[in-house]
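The same chain A turns up in both complexes below, where it pairs with chain B and then with chain C.
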Partner chain A sequence: MADQNEKPEAIMELDGLDPEAVKADLLRVYPIKVARKRSKQIVVNDVGHCDEVPVISANARTIPGLIGQRGCCYAGCKGVVLGPTRDIVNITHGPIGCGFYSWLTRRNQTDPDASEDRHNFITYCFSTDMQEEEIIFGGERKLRKAIQEAYDNFKPKAIAVFATCPVGLIGDDIHSVCREMKGKLGINIFGFSCEGYKGVSQSAGHHIANNQIFKHVVGLDDTVQKGNYKVNLLGEYNIGGDAFEIDRIFEKCGISIVATYSGNSSIDAFANSHTADLNLIMCHRSINYVAEMMEKKYGLPWIKINFIGAEATAGSLRKIAKYFGDQKLIDRVEEVIAEEMPEVEKACKEIRPRTEGKKAMLFVGGSRAHHYQALFNELGMKVLSAGYEFAHRDDYEGRKVMSSIKVDADSRNIEELEVSADPNQYSPRKSSEELKKLEEQGVTFSDYEGMMPTMKNGTLIIDDISQFETDAMIEILKPDIFCAGIKEKYSVQKHGIPLKQLHSYDYGGPYAGFKGAVNFYKEIDRMVNSKVWGYMKAPWEKNPELTATYAWD
Partner chain B sequence: MLLRHTTKDIKERSALTVNPAKTCQPIGAMYASLGIQGCLPHSHGSQGCYAYHRSALTRHYKEPVIAATSAFTEGASVFGGQANLLQAIDNIFTVYNPDVIAVHTTCLSETIGDDIPQIINKAKADGKIPDGKYVIHANTPSYVGSHITGFSSMTKAMVDYFSSSNGQRQKTINLIPGYVEPSDMAEIKRIAGEMGISSLMFPDTSRVLNGPMTGHYRMFPAGGSTIKDLESTGNSLGTIAMGRTASLAAARALDAKCKVPYEMIDLPIGLHATDIFVDSLRKMAGVNVPESLSLERGQLLDVIADMQQYFYGKRVALVGDPDQVLALTKFLVSIDMCPVYLVTGSAAGKKYQKALEEATNDVPHEVRIKVGGDMFLLHQWIKNQTVDLLIGNTYVKYIAKDEDIPFVRYGFPIFDRIGHSYFPSVGYRGGLRLVEKILDAILDRKDRDSTDINFELVL
Partner chain C sequence: MKSQIKQTSSKEYTATKNACKLCAPLGASLVFKGIAGAVPLLHGSQGCSTYIRRYLISHYKEPIDIACSNFAEDTAIFGGGANLKIALQNIHRQYFPSLVGIATTCLSETIGDDVPMFIREYASSHPDESTAPLVHVSTPSYQGTHMQGFHNAVLATVKTIAVTGKFSNIGHVNIFPGMVSPADLRYLKEILIDFNLPFMMLPDYSRTLDGSLWPEYQLIPEGGTTVEMIRCSAGAAGSLEFGRILSREKQSAGKWLNETHQVDCHHLGLPIGIRETDRFFQALEVLSGRPTPEKYQEERGRLIDSYVDSHKHVMSAKVAVYGEEDLVVAMAAFFSEIGILPVICASGDRSGYLKEELARVFPDDVDQSIRVMDNADFVDIESTVQDAKPDLIVGNSKGYAMSRRLGIPMVRIGFPIHDRVDASRRLHLGYRGTQQLFDRIANKLIEYRQLSSTVGYTYM
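On to the complex of A and B.
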């Protein structure tokens, strides 16, 4: 325990410890420069009267050798954003590894029978398998041929090409190859310059994916779909069937989804998505760019929603209903919530006595570390610490700080598209008076409050947590459950503490919506109360002293 | 259908790989590095590489896979990664304190042309490498070879950096186990031990990637080849290298560097390959084969004989890494099965292709072989004429499900089952496990497909 003499104001407390002392413990072994940098990325939360929070350094360069969670730009672009779209042949242009590792490893469920052509290429991995010869003499010829072979074998309606590290270095112009082959084959073909070294994490890849989809796909099909309340669901990747659960709820409410970006998605839906009336943002980090650009070019506003947690789901549905302002929808949403909640409440009531007061930590992604806190709160659990893997300051502190975010060299290299209202396709969905009125009613547009204002004072916010800090946090605070990803799972569990994967859900789910909440409650109950964590010591370790020989009688 | 776009119609492809049966060099180097005690593998490239490799190895082993990265940015990609690697070395020794950092390169750093030995020397000169600690390296460009090449290169690096000869031959025998599982490495060592032979094995991932749960996490577990053992390999009587594509480079290097002669054999998979391994050990060490091993051999033979009717004539498709595919093919042929489709993802040369052809000479079917092929092609062959059994890694289950073919998981990666880290498939006991798995798959299918009338109790 650190001394508390110098703290005249309310004492910050983290599960009985001084959070500043815990922070100091995390930094102690680091070389000075590393400690200085990390000290800005580890912040003791302190929420002010107007939800102002301390500044955290995020989206900063990864420190070589420190061992963290992050992946690369390619992973964010091909793996995360484009991977879940079933009817595009995604060709990785590069050596074999990148395509191989991003092959089916993210659990994006899809229902090919929902499209007329029933195309599904998610189960396939396409790569140019670049060899030394192409590194030396250039890979454009092989790429051109690979596109042709993909077309000959699969007859897809679209082909996307993803550049890996060496492609950028040797200067292959993937975009001109794509343009040429698009002209030749008459299908949509486009490229992503998402070389792994770009940006500081997956986040750069999300941005590049957003840009290219917006440039090459969105707006190509003006067909107005049927339905009174048409929305796009952005930043929902249908891990473990989350999007299916949200679809179920929407269908019940009478809300129709034009496109989901990009779980269970089809390129046709993207092309048509500008005809929706509202964009709903689930994962703010990975997809806010498309929402911003769609608003400017086509006039549909966006709101932040969250379908992780039963209360959050109900709140998000109400927000959507309020936006459309139709009493019929407002009533229907209330009916649906009333129908769905009893089962959730029953499960929660049954499980909560076993989870109440248990301690959780979440270090994952760019939105999940925030969203999943809702579920832990519903279970009566305490979140001691949380942080993102690749988020930016706005995801921590809220979008209100966006104007003060300094654009560094790594971010400056990621293209910002110049977007303006389309002369033909722009139509504002609401007048500025209507928007203002909605704002007054509490429907905030183009806004995300961020994670920190929703967390308790004294909790530790850690951006881009390292392996060392992970181990130290476990040793110091002994959480009952730790949430992260596959790379962290087994080292954390060797400590004797269960790790819940919040990328892959440990192959379970869905966790979104009402049914998802029940699944999650059960899952956390199983994990924190499993008998297995009590078996670390063998009987002879518990009682090592030798006693007299046992007799059998 | 999972692979609904795969058709019978085979079109020549020369540029597009579809559903690869290999991955890139660095992951193999990372795996090999984990077989050195107290070693932290380090990926000199952008952070995506190590994230992907760690994820893939973790999914396969369900164990912590710790490694570090140089985390190249765009700047480093233009100006070179020296500053990043120097910083990484300093941070790693300060924060994690391994005995060895094993650096492998990536397509990124290789394309730029970073000179790793020069950077290591600079780190040394700058005092960034504490006394008694080591930084070693292997060049593993992802655009050459496959994960097997990377494994081979890092194994060779162990010789290049550590093996030394003091002119005094010891009675030890070096074992280079090839790209096999931790359980296999332990089994290879056990067999040598059973024969009373003192062996030095490298790399050795047993007790690293199949470690216990104790409630205390150790970043550097008890397993792995020690530096002392690696140094001593230069004084051994000889080396037995298993699996040409993964182990020959290191064996040759040791011969060239320390005049330790080597014998190059197949991976000891199945009866005959294990016979060859045991016999090589016997001759090299000048020992007798103990009764205990003869017993194991006899047990394997007994099971093969007892269940021979279920193997006989079964058509098998096999996809995987070259050394495994060759040894397994020979084993399958030896138990009267018919390996008819053979695919390796890694290219392994004409001699290798010829060895496969020779191994399947007597198979009474048309045998299709593709060295440096992919699973899409394998699936197309199966669409044209099916098989009774599929053997390959987890990705093969998509073909098995679509085509409703019994399936045995074997190779890397296996993401959806456990066992491979604990139960070997090499040696006589490993042979028993393979035979059991093959029989389980075939007989479960027989039971499933039996009618109520011909459903059998005893098989």
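On to the complex of A and C.
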């Protein structure tokens, strides 16, 4: 929890500056209407009684001409949620660009040996490569042939079809083509109407992906897997091997994962995932829909956990153990934490003196900007400002505000599935008394506290930050490290400030769990203490301070 | 013996699997990044600008800002005029651009947005001088590849800007180099300067996409061809335009300037290898009235010397080369000089001229068969490579998976190169670029032979 201000009337402070003045500086350049809209998306944090925080405008359209970092609905659906699943052949129905750009660009790792058939189609990029004639006369014929070819070539268990912008406009009915081919080929084939213009960001695509996986896959296989303490890990995409590290820890503890959505995943595990006894949510934004629907239809509750940060990992493990309530598991979890922590503490103790007090900013994703603050806290670093690219108000302010979120036209266009308890498959995992008792012990269900209540007062929360604002923030606050993605990386580094990519991990990782924390400490130490910035000015450049340091001057 | 050139004209399959091409707005965005103070603007869904930015950035490793008109669902229904105008206004307020390059996407093209009309409306409602010239290029991804987007953007820029008169009388030349690396562009500029030849090179992203750290904040990275210079292109003494395939197309910037403003155009291949580079230097001698500076004669001499000294390492090697058609043709010309057989020449483009241009490169005495594949994807290419078993694969990073699976070494050229750190610094053109290509290829072959040798050897 954030420090509560002793004197509420005290002036807010952001690294010695007035955060309201910093905000005004960011808005200065905009026309009045734009400034008005942005001013609701840039908020000075102020955590009040019961973790009340100011309202932030989120999940709103990006204003044309403000160079933002958001992707599209297709990117969220195909790229993020379905991309990491190795044994579904994903066909992009559209012109070539969309498929090409989502071809292996997210660094999701997978282990094909984990499935008997060893299917792995992640390395392939299938596209119907629509040409002008299909735009004019329709692309269904070509799609049908593409599905047939994918089947003939690979005999996969499932084929998924993703619609791009032109598909919705010309009126191709991908769903009827999928139904027809499913009937013909006898494998699971389903479509996603994730045209790029839908919604305001990739978030719409996450929702569509959740819906279709729930509709077409979840619940198809009732086989109860062997193992104790069965959970699903939702919203963990195995970037840089994060899911592998979590798997390692779970295995040590004796916790069994039925399905991970969707890092290192297989469609068979999705089909079977309703047999687990608890859903764990990592990335709340991208995956909470499927958890909600599974709870309603099958009766398994969900809790929010976080495996980014060693303390957070330990806390999450304890929470899971408490849920199952088995002393054997509770003890085992404590043993594992006691085994793992010394190495983490040793690394932290060695590195922290070099990182203590350094300043960070995080603008990334729909959960990472929050989760990674745990690691910076462990390094004694200060987070000055943070924001998400595509999150909603509940990710900022906590799920308690969900009932007050106004559903706008862009969100209304994304289907909400009607879900009710399944007459055969529904079985509540815990009685309402048990749930109540657990709640009293601090295991909160179906809840996410949000990022803002955990941040300091006076920090600046910026939703959907633009490139222009990014540059301005760097100029004004001069952080020691900036966390974002590849699009921001090289512009931030031009300013002499290192940028840590939290989408792709700069080709490193894992950063989750205990081993991941150590990796991250080392990486941040390397970046914030780099000597390279000191070489920027040549000795002959007029700079008395610098030249004075040379002995021969 | 007659050369026996096989053409696999189209893919065996309907779907494209692992494409060997990118989309048109990417090429257009790259051109606009090579104009000083310009901001590229994609008219359509924000996903396109984001995807193209992240892809270009993974190659160039530099800031690349591309604005967007951010269509929403209702924009797709009612048209993007209002969004485009808001975008233009906001770009002007934030970036003070000297030009805005507007490229369309599939979305705005499919709904049939009349972008020229939107631009006229915007210009008439913003008559003040601070409004930058607005260049529009039509680049739906369902027509052509990134190369068409690139060339069309160069043409659209010249057409839009050069008509405004104010011709220069300093006897400068236009140079349209095509999609080459920042290092190539820097080298071309060095050559032109050494010939004392004033020039207008479009695009020139040698600094904007390969710059140093910034001591002071830059709204738009420094460098690039100025709008003023592009204006003067209609008054140039001549144009140089690279690309044998491009020279076959109906339209190009060089052709348009010739037809409309009577600027002579020298159509040349990409200057890779001795003969194509010789043609380039001969054209420069004609345009400048000066002999080739000694520095380049020496470079040429060293190149031929190394051809002679290292011939034994490269001769008779079989190579699979893929990429943009013009790059493939130029590389094939170079291979033909050093005794390498490009047994597979593949491209995702399909101009229809690839086979003919390759046939011109290979003299009749070539007795090996060459598989020419256009409209190809990497699944096609890989199965052909598996069949032909070349000694080396030459092309962009997308061939790495194939190289790894088949155990055939690879030399990276062109775009995209996202699994090596020096994409912007790789030189391909001129005597110097050819020298680097030659050395890399010869060394790669030697390295592979060393690796696969049972005894191991260190001295040659």
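Keep in mind that, in the parts below, the second predicted complex is superposed on the first by the 533 of 553 C-alpha atoms of A that agree within 3 Å, B and C clash if a C-alpha of one lies under 4 Å from a C-alpha of the other, contacts with A are read in each partner's own complex, and residues count from 1 in each chain.
Everything below uses one rule, namely that a residue touches a chain if its C-beta (ideal position, glycine included) is under 8 Å from a C-beta of that chain, and two chains touch if they have at least 3 such contacts.
Bear in mind the structure is a predicted one, so any value in this text is a computation, not a measurement.
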item: Fit or clash - chain C, chain B, common chain A; value: clash
item: Partner chain in contact with A:H175 - chain B first, chain C second, else both or neither; value: neither
item: Touched partner set for A:F154, first chain B, second chain C, both or neither; value: first
item: Partner chain in contact with A:V200 - chain B first, chain C second, else both or neither; value: both
item: Touching partner for A:R118 - first (chain B), second (chain C), both, neither; value: first
item: Partner chain in contact with A:K145 - chain B first, chain C second, else both or neither; value: both
item: Touching partner for A:K215 - first (chain B), second (chain C), both, neither; value: neither
item: Touching partner for A:V34 - first (chain B), second (chain C), both, neither; value: both
item: Touching both chain B and chain C, residues of chain A; value: 29-31, 34, 61-75, 91, 94-103, 105, 123-132, 134-135, 142, 145-146, 149-150, 164-166, 168-170, 196-201, 409-410, 413, 467-468, 471, 485-487, 489-491, 493-496, 536-537
item: List of chain C residues in touch with chain A within their complex; value: 13-19, 21-26, 41, 44-55, 57-58, 61-76, 83-84, 86-91, 93-95, 105-107, 110-111, 140-143, 145, 211, 213-215, 217-219, 221, 379, 401
item: Chain A residues within the chain C interface of the complex; value: 29-31, 34, 61-75, 91, 94-103, 105, 123-132, 134-135, 142, 145-146, 149-150, 164-166, 168-170, 196-202, 409-410, 413, 467-468, 471, 475, 485-487, 489-491, 493-496, 536-537
item: Of chain A, residues touching chain B in the complex; value: 29-31, 34, 61-75, 91, 94-105, 112, 118-121, 123-132, 134-135, 142-146, 148-150, 152-154, 164-166, 168-170, 195-201, 409-410, 413, 466-468, 471, 485-487, 489-496, 536-537
item: For the chain B and chain A complex, residues of the former touching the latter; value: 2-5, 11, 13-20, 22-27, 42, 45-49, 51-56, 58-59, 62-77, 84-85, 87-92, 94-96, 106-108, 111-112, 141-144, 146, 211, 213-219, 376, 395, 398
